[in-house]
Amino acid sequence: MDERWFPTVNEREFIEQAFESGLRVDGRGPFDFRNLKIAFGREDGSAEVELGETRVMGYVTAQLVQPYKERPNEGTLAIFAEFSPMADPAYEPGRPGEAAIELGRVIDRGLRESRAVDLESLCVVAGKHVWSLRVDLHVLDNEGNLIDAANIAALAALSTFRRPECTVGGDDGQQLTIHDPDVREPLSLTIHHLPIAVTFAYFGDGNIMVVDPTFKEEAIMGGRMTVTVNSNTDVCSIQKAGGEGLMPSVVMQCLRIALLKAADITNEIKIKLSQG
Amino acid sequence: MEHVNPLTGFRVDGRRPNEMRQLRGEVGVVSRADGSALFEMGNTRVIAAVYGPREIQNRSQQVNLKEALVRCEYRMAEFSTGDRRRKPKGDRRSTEISLVIRQTMEASILTHLMPHSQIDIFVQVLQADGGTRSACINAATLALADAGIPMKDIVTSCSAGYLCSTPLLDLNYIEDSAGGPDVTVGILAKMDKVTLLQMDAKLPMDTFETVMELATEGCKAIATYIREVLLENTKQLECQRG
Amino acid sequence: MVGLSEGEKHFIRGGIAQDLRADGRTRLQFRAVTVETGIIPQANGSARVRMGATEVIASVKAELGKPTILHPGKGKVSIYVDCSPTAAPMFEGRGSEELSAELSVALQRCLLGGKSGAGAAIDLSSLIVIEGKACWDLYIDGLVVSSDGNLLDALAAAIKVALSDTGIPKVNVSLNAETDGEPEFDISDEDFLQFDTSSVPVIVTLTKVGKHYIVDATSEEESQMSSAVSVSVNRLGQICGMTKRGGAGLDPSVIFDMISVAKHVSQRFISLLDSEIAAAEAADAE
């Protein structure tokens, strides 16, 4: 049974007319992000992000595994997203639905393929032991724009995660000892850059764009595009699947806006990290 | 590995950087389906079959009664890739690509003309040599046209990348797995609008614009080819009618 | 699939009783068979078989592996069939699992013989590289692209043709003392060992509709069947395997009759396939 929330005709028209006057229902400008709050948990590698009323929690764990045959001296990073029914009655418990898989893969592409996290430093013994990082994202409250919020949660969690130090020794030089955090200080991850996801929702014929859509705006949007950029003006990943067509010039315009927004958010994250 | 030979400018398979692989499209390969097509881009080979519009099978999936429900499944054959890997059906990559193809085709199908019905698009990859996503979308367009399903415009797709400081059109598997960026673009041909845009790995913004433009040019070339195939098919049908 | 009306069902059954089927064939006549080899360049051998609107693809891939402890002198073969949703919408998601499993098991039974490997159509000992240490693992994958009945026969024919197209690369083994007795394999790109498929059987499915049996049923005719017997026969006329489907009971004399009919029909089918294989090989050689 589809428990999704459907907008009424009145709500749809209200939001659309507001756009035509250049206003958004919550008073923001079209390219303003909502309030961002990041809270860190007691353990290393856990963070909870609030973007407006959307809440996502990120949690990083690590395990020693055998590396892939093609990349014997690199660790691995995997992103898993879970949408709990607590966030939205449309989600069902159990296997992740399409939306959860799409979110996981978009963030995965932005973080892993852009080499934001240094995977070579996760190698302990080449070809035998590497650290495998797993980032679990739990959506606690869906008030729109899950991808951006989840991305920030993943970045915050990875920034505060520390892995135990391990040394190779023993008689044959192959024995691996993992040191307790009390004995030796655990190490943080090496993060080269922070890829920030900026999601655009567009309405009409692709001529009205807003950043960071709320839940209601998402329900009536014509299409969406998520752009992941970093503060070095690199484009890390783009995801636009279907929806209304866009002129290529509009795509480039969105990229430029995204670069500005990403710089702001990167600053905010860095400030919160240094405080937390 | 030298993906672009610095002396001759040729790629690993002998193409120039802005040269697409050989295209081949054939309509009506699965006779039992309402519409079907085979599409080849170099060594990538894909079959698409369309069943519909037909009665809704699962009432609970229907969201909007006034529009047709479009469903899509993407599958790879076990022998499609170089090393035979038992790909479990419904693994995350296949689910995402099914979602992407569905949303891309949905943007073009005039769903409001077929309420209370569903359209199933099934894509099966027979041989994968890079650019499977694009080949699937092109095959799906041909199959939908073969099934006579009304569409706003034909959707074509092509990929492009950036290796050895050169933008390359239509990556094959070797170039795709080289770790460089991969931009897949899908456009609505006549309206010249971008409906699918996916990118991974890092690219500075200006380079991205060049690569995206190259991919868009590739899409337009494919659109010309697809129109020829459809025209040829219609001529044959006309001859058969006598 | 669109259901059949009473009139259509009557027409099909009546036609079969009068030896004139809906598409003009007699009861024991096959549809036109087209065979293509080498369609999957990455595989060691491949084939596509079309019987009417049924289209299947079979591919054979060989990888180096270790033989089992029970049979150190034999290689391994595994057969797996997948029904693509392009053939029928009901094959999407997990809908094809049941049919795929049934087809895979039937093919394994016919081609691979018993548990001990006795009576296998393919000589498993020819797949061995080093006894007890290395052997070839053959992975035979079948894919049903379009379905209009008689999938089992088409798949068996495709596998037979694919095996005849398969080349197992020659392996040069060098035992290197440095690598702890782990042999090094040099897989040659040039020399290939062609498979001998003369003992690979074909499968002929006889579908009983009313009092008569037909060969190579379309899916409409299959929907009217009471039972079906699939017999696997090799070139020498020996029965290599048998499967009966369908709930209706069959008199034992009927089964014997069906087997002899299957043997007779299969000789024609085998010679047809052989000529197609020869034609394909000649075309390749050009």
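For this structure, a couple of remarks:
To keep things simple, chains are lettered A, B and C as they appear, and every chain counts its residues starting from 1.
In the analysis below, a residue touches a chain if its C-beta (ideal position, glycine included) is under 8 Å from a C-beta of that chain, and two chains touch if they have at least 3 such contacts.
Nothing here was measured: the structure is a model prediction, and the numbers come from that model.
Hopping across touching chains, the smallest step count from subunit A to subunit B is 1. When each chain is reduced to the average of its Cα atoms, C sits farthest from subunit A.
The innermost chain, defined by the distance from its C-alpha mean to the mean of all protein C-alpha atoms, is B. Chain centres here are Cα means. That of subunit A falls 27 Å from that of subunit B. Subunit C has its Cα centroid 32 Å from the Cα centroid of subunit B. If each chain is reduced to the centroid of its CA atoms, subunit A and subunit C end up 48 Å from each other.
Those residues of subunit B that touch subunit C in the complex are listed here as 29-33, 36, 43, 47-49, 51, 71, 73, 75, 77-79, 81-84, 86, 89-90, 120, 122-124, 126-127. Taken in their complex, subunit A has these residues touching subunit B: 1-2, 4, 98, 101-102, 104-105, 109, 113-115, 206, 223, 225, 229-230, 233-248, 251-252, 255-256, 259. Across the complex, subunit B is touched by residues 40-43, 46, 53, 55, 57, 59, 61, 63, 80, 82, 84-89, 92-94, 139, 141, 143, 145-148 of subunit C.
The touching residues of subunit B, counted against subunit A in their complex, run 60-61, 63, 92-93, 95-96, 98-100, 102-107, 183, 187-188, 191-205, 208-209, 212-213, 216.
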